[in-house]
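The two complexes that follow have chain A in common; it is paired with chain B in the first and with chain C in the second.
Presenting the complex of A and B:
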C-alpha cells in the first residue's frame, strides 16, 4: 500500500487486463485443439446439411400419429419412475441434508461424511448409474428408478443442506433456549423454516427426473426413453418422432403442474 | 432469616475465541422478584452476560449460582432443565415465523416434554388453554391463529413475552426487547413485561439502551462498561454523571 491508492489500483487494472487476455488466448487454443481431436470439420458439417434436411423431411417427418397410443404405457411408466425416483431421493436425502448442514449437524465429522456422500452421488450422472444398474438388476423401469433415486439424492442432500444453512439462527436459538431437546429443536425450529425450500427442491427434482427418465431409458432402463431408442434401432423414425413429441409434451405438462403445486404449497 | 438471591454471579468472565474480553469479572446478586435493568453502551457486554447465564455462550470463568445450584457448568439434561426455568426474550423477537402465534407460545412448553413428543407437537390440553390465556393476557387473544410473521413487531414481542411465561420461567432474561420498536410499541411491550412478571412474581433482568425506560421500570439499575459493572443503584441514583461515565462524554444514550 506504500505506492498510494492510484498506483496500487493502476497495477491491479493492468494485471486484470493481462489475465483477461490470457483467458481468451487459452480458450481459443482449447477450441482448436478439441476440434482437431474430435475430427470436427466445418466442411463436413456443411456437406452434411443436405443429409440432415433429408433425414428430417423424409425419415422423421411426418410423425406417424396413428401409433400415439403405443406410448401411453411408457409415458405412465416414465412418470412412475420419476415419482418413485424422487421419493427415494427425498427419503434418503432429508436426514443426510440435516447432517450435512453446518449449522445443525451434530458433529463436524458427520457433516463431512454426509457432504462427501452427496458429492460422490452427484458426480456420477444418471445415465452411468442406469448403465450399471441395468447390468445388475436387468433391463426395465426398476433400474431406471434406482438410477434416478441415487443421482437425485446427491443433488438433494446438497440443496437441502445449503438451504438449511441459510435459515435464521435466531429462531433456532429461541427454541433451544426454552429447554427443548435436540429433536424438538429440529422439528420446531429448523423444519418450519426449511419446509418451503424443501418443497421447492423436491418438486424441482421431480421435474429433472422426468427429463432424466427419457435419457436413462435410452440404455434400457424403461419408460419413454426406452421406447424411443427401440424405435430408432428399428429405423422406425416416424414412430420415434411421435415418441419425441410425447417426451416434449410430458416435460411441459409436468413443469406446468409442478409450478402450480409450488405456488399452492409455499 | 434473610432471603437468598435467586441468581448469584461471581467474577463471571467471558473471553471469545478471537480474544475479545467481553466480560472481565462481573459479580452480581439478583433477589427474587426483582426487576433489574442493565444499561451500557454498545459492546459493553450486556448480551454476553445474559447469554452466559442460560449457556447460549459458555462462560470462561467465574461462578453462577441459580436457586442455590451451581450452574457454572451444566450440559445435557441438566442444561435443558435449567433453560426451561429461564425465559429468554430477544431483540429480534425470534419467533418461529412460519408457525402460528399460539404454537409459538406453546414452544415454551418444550422443555417439559420429551424431545419426541415435543417434536410431534403433542401439547397437553392444559398447555393449550394456558397458551390462549397468556395470549389474551398480552392482548393478542384474537390473533392466535395468525402466522407469527403477520404480526407487527410490538405484537411479536408480546408473543415473545407469552412464550417466556409459558415456560413457567422463574427468571426472565430480556435482551433489548424494545430496541427495534417505535416509542408507542416500546411502551406497550415494557408495560406488559413489567406487569406480567410482577403479577407472576418472576425475576427479570432486562438489557436496555434507553435510560428513560430503565428509570421508569427498574427496581435497580446496573451499569456495565467494557465488561465490568461500574454502577449499581436505584433509578433515582442514576445521575447525568453516571450516564456520562457509562456512555462516554456525549452524555446521552445514543452511541455508535
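Presenting the complex of A and C:
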C-alpha cells in the first residue's frame, strides 16, 4: 500500500515538473516572439541610453521652479477628483459588496450579477473610462471624477465582498440566535467585523486614485495630468519636470497621510 | 442629575455624542464631497447636456462594429508584446537590483540605500508618465512603451525581490557557506531556491498590471490598441470604441485568467 502512495507521490512530482517546464518554455517563447514582433533588440537598450541622458540633461533639467505656483490649482483639482471619485465608489460599492458576498447575499443570482458588474468596471482601465467620459461631459475634472468612481467601485465591490466572506460566521449566528431580523443581523453581526477592512480598503483606494488622477488628466480630465500633457505638447520640458515633481510629491504626501490615518483608525 | 446621566448613556457607558461618531464621520466626509464637486464648476445645464450626449453615444455604440477586428488585431498583439517584454526586462533588472539591495547580502550599505531610493522613485512616477518621457527621448513605436513598463516594474519588483531575499532563513545561507561555497554558489544554491516562488508570483502579478498599462499606452502616443481607442473617440466612431473596449477587456481578463491558473499551480 505504501508503495502505491510512493508511486503516486513520484508520479505527481514528475507531472508537476513537466508542467513547470512547459510554463517556462511557454514564457521563453512568448518573450522571443514579442521581441521579434516589436523589432526589439538588446542594442536598443544601450543605444537609447545616450538619447535618454541627453533628454534628461538638456531638455528636462533643470526644472523651471519659478512656475511652481501655476500647479497649485491643478494639485487641488487632483485631490478633489481623487476624493470625490473615492466617495462615489465607496457609496456605490458598499451595498453591492454586501450583495456580492457569498455568505450574506440574499440570492445567488444577485451575487453573480454584482460580481460580474465589478469585474467589468475594474477590468476597463480608468483612463479608458476617462476617455469615454470626456466625450460625454466634456474636458475637465468632472469626467475624471466619474472615471475614478467607476473603476474604483469595481475594485471595492470585490474587496468588500471578499472581506465580508472572511468574517467569522459564529458571530452572525450568535446575533441571529437572539431572534434578530436580517437588518439587525447585518448591523450587529456583520458590520462591526467588516468595518476595519472597509476603512482600510477605502483608504487604499484613495491612495490609488491619487496616482490615477494624476494620469487621467493626460486625456483631458483635469488636474496635474492635464497640466503635464499640456507642458509636454508645448515642448516646455522644464515646466513638465516641475509638474512631475509635483505629482511625485503629492503621491508621496498622500501615501504618508493615509498610512497615518490607517494606523489611527484601525 | 445622576439619573439624567444614566439615561443618556448606552449599555457600554458611551454618551450619545460618542455613540454617533460614525454619523459625524459620514456627515463630514459627505460635506467634503460636496465641496469637491462644487469646485468643478458644474451646473445643471452641463449635466443635462451630458445626459443627452450619453444617450446619443450609447445609441451609436450599439451594435458594436466588429468589422474592424481585422484591422485592430495587429495593434492588440503589439500591446501584448509590449507588456510581455516590459515585464521581462523589468524582472531581469529587478533580480539584479534585488540581490544588490537586499540588506543581508548587499555588497555595501550605500549600494542598498541608492538602489532602494532609485526603485522608490521609479515606482512613484506613474507608468504613463514614464511613457510620455520615453516618447520624447527615444521616439515613437513600441520601444518607449517597453522601456516605460520596464522602468515602472523595476520600482515595484526591485523592492519586493529585495524584501523576499531579506526574509530568507539565515541558517540556509550559513549552511551553504559552511561547505566552502563561493558567493555565486551561495546565490544559486541557497538564495534562488528559496525566493523562486515569491519571485514568480510577483512577476506574474506585475504582468497583470503591465497588460493594463500597455493597453492604454497609446493614449499618450505610444502605439498599440490604446492608439486605436483614442482615434475612434476622436472620430466619434463610438461603435468602434465599444469593440476596442471589449477587446481590451478580453485581453486583460485572459491574461489574468492564465496567471491565476499558473499561480494556483505554484501553490
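Convention: the second predicted complex is superposed on the first by the 263 of 266 C-alpha atoms of A that agree within 3 Å, B and C clash if a C-alpha of one lies under 4 Å from a C-alpha of the other, contacts with A are read in each partner's own complex, and residues count from 1 in each chain.
As a working rule, a contact is a pair of C-beta atoms (placed from the backbone, for glycine too) under 8 Å apart; a residue touches a chain by one contact, two chains touch by 3 or more.
Keep in mind it's a predicted model, so treat the numbers as computed, not measured.
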*If you count the residues of chain A that each partner touches, which comes out higher, chain B or chain C?*
C
*asked:* Tell me the contact category for A:189 with respect to chain B and chain C: first, second, both or neither.
replied: first
*After superposition on the shared chain, which partner residues are touched by A:78: those of chain B (first), chain C (second), both, or neither?*
neither
*asked:* For A:131, using the defined touch cut-off, is the partner it touches chain B, chain C, both, or neither? Pick first, second, both or neither.
replied: second
_Going by the contact rule set out at the top, does A:89 touch chain B (first), chain C (second), both, or neither?_
neither
*Examine A:181 and indicate which partner it touches, taking first as chain B and second as chain C; both and neither are also allowed.*
first
*Have a look at where A:30 lands relative to chain B and chain C in the superposition and call it first, second, both or neither.*
second
*asked:* By the touch definition at the top of the document, which applies to A:227: first (chain B), second (chain C), both, or neither?
replied: neither
*asked:* Which partner chains sit in contact with A:123 here, chain B, chain C, both or neither? Use first/second/both/neither.
replied: second
*Following superposition on chain A, which residues of chain A contact chain B and also contact chain C?*
none
*Which of the residues in chain A end up touching chain B in this complex?*
168, 170-171, 173-184, 186-189, 192-193, 195-196
*Report the residues of chain B in contact with chain A in the complex, numbered from low to high.*
54, 56, 79-86, 88, 90, 92, 94-99, 107-116, 118-121, 163, 167
_Of all residues in chain A, those that touch chain C in their complex_ = 16, 19-20, 23, 30-31, 33-35, 37-40, 44-45, 48, 51-52, 54-56, 59-60, 76-77, 80-81, 83-84, 87-88, 119-120, 123-125, 127-128, 131-132, 134-138, 140-142, 145, 211, 214-215, 218-219, 222, 228-229, 232, 237, 244, 247-248, 251-252
*Which residues, counting only chain C, touch chain A once they are in their complex?*
29-30, 32-33, 35-37, 39-42, 46-47, 50, 53-54, 57, 77-78, 80-82, 84-85, 88-89, 121, 124-126, 128-129, 132-134, 136-138, 141-143, 146-147, 212-213, 215-216, 219-220, 229-230, 233, 236, 238, 241, 245, 248-249, 252-253, 256, 262, 265
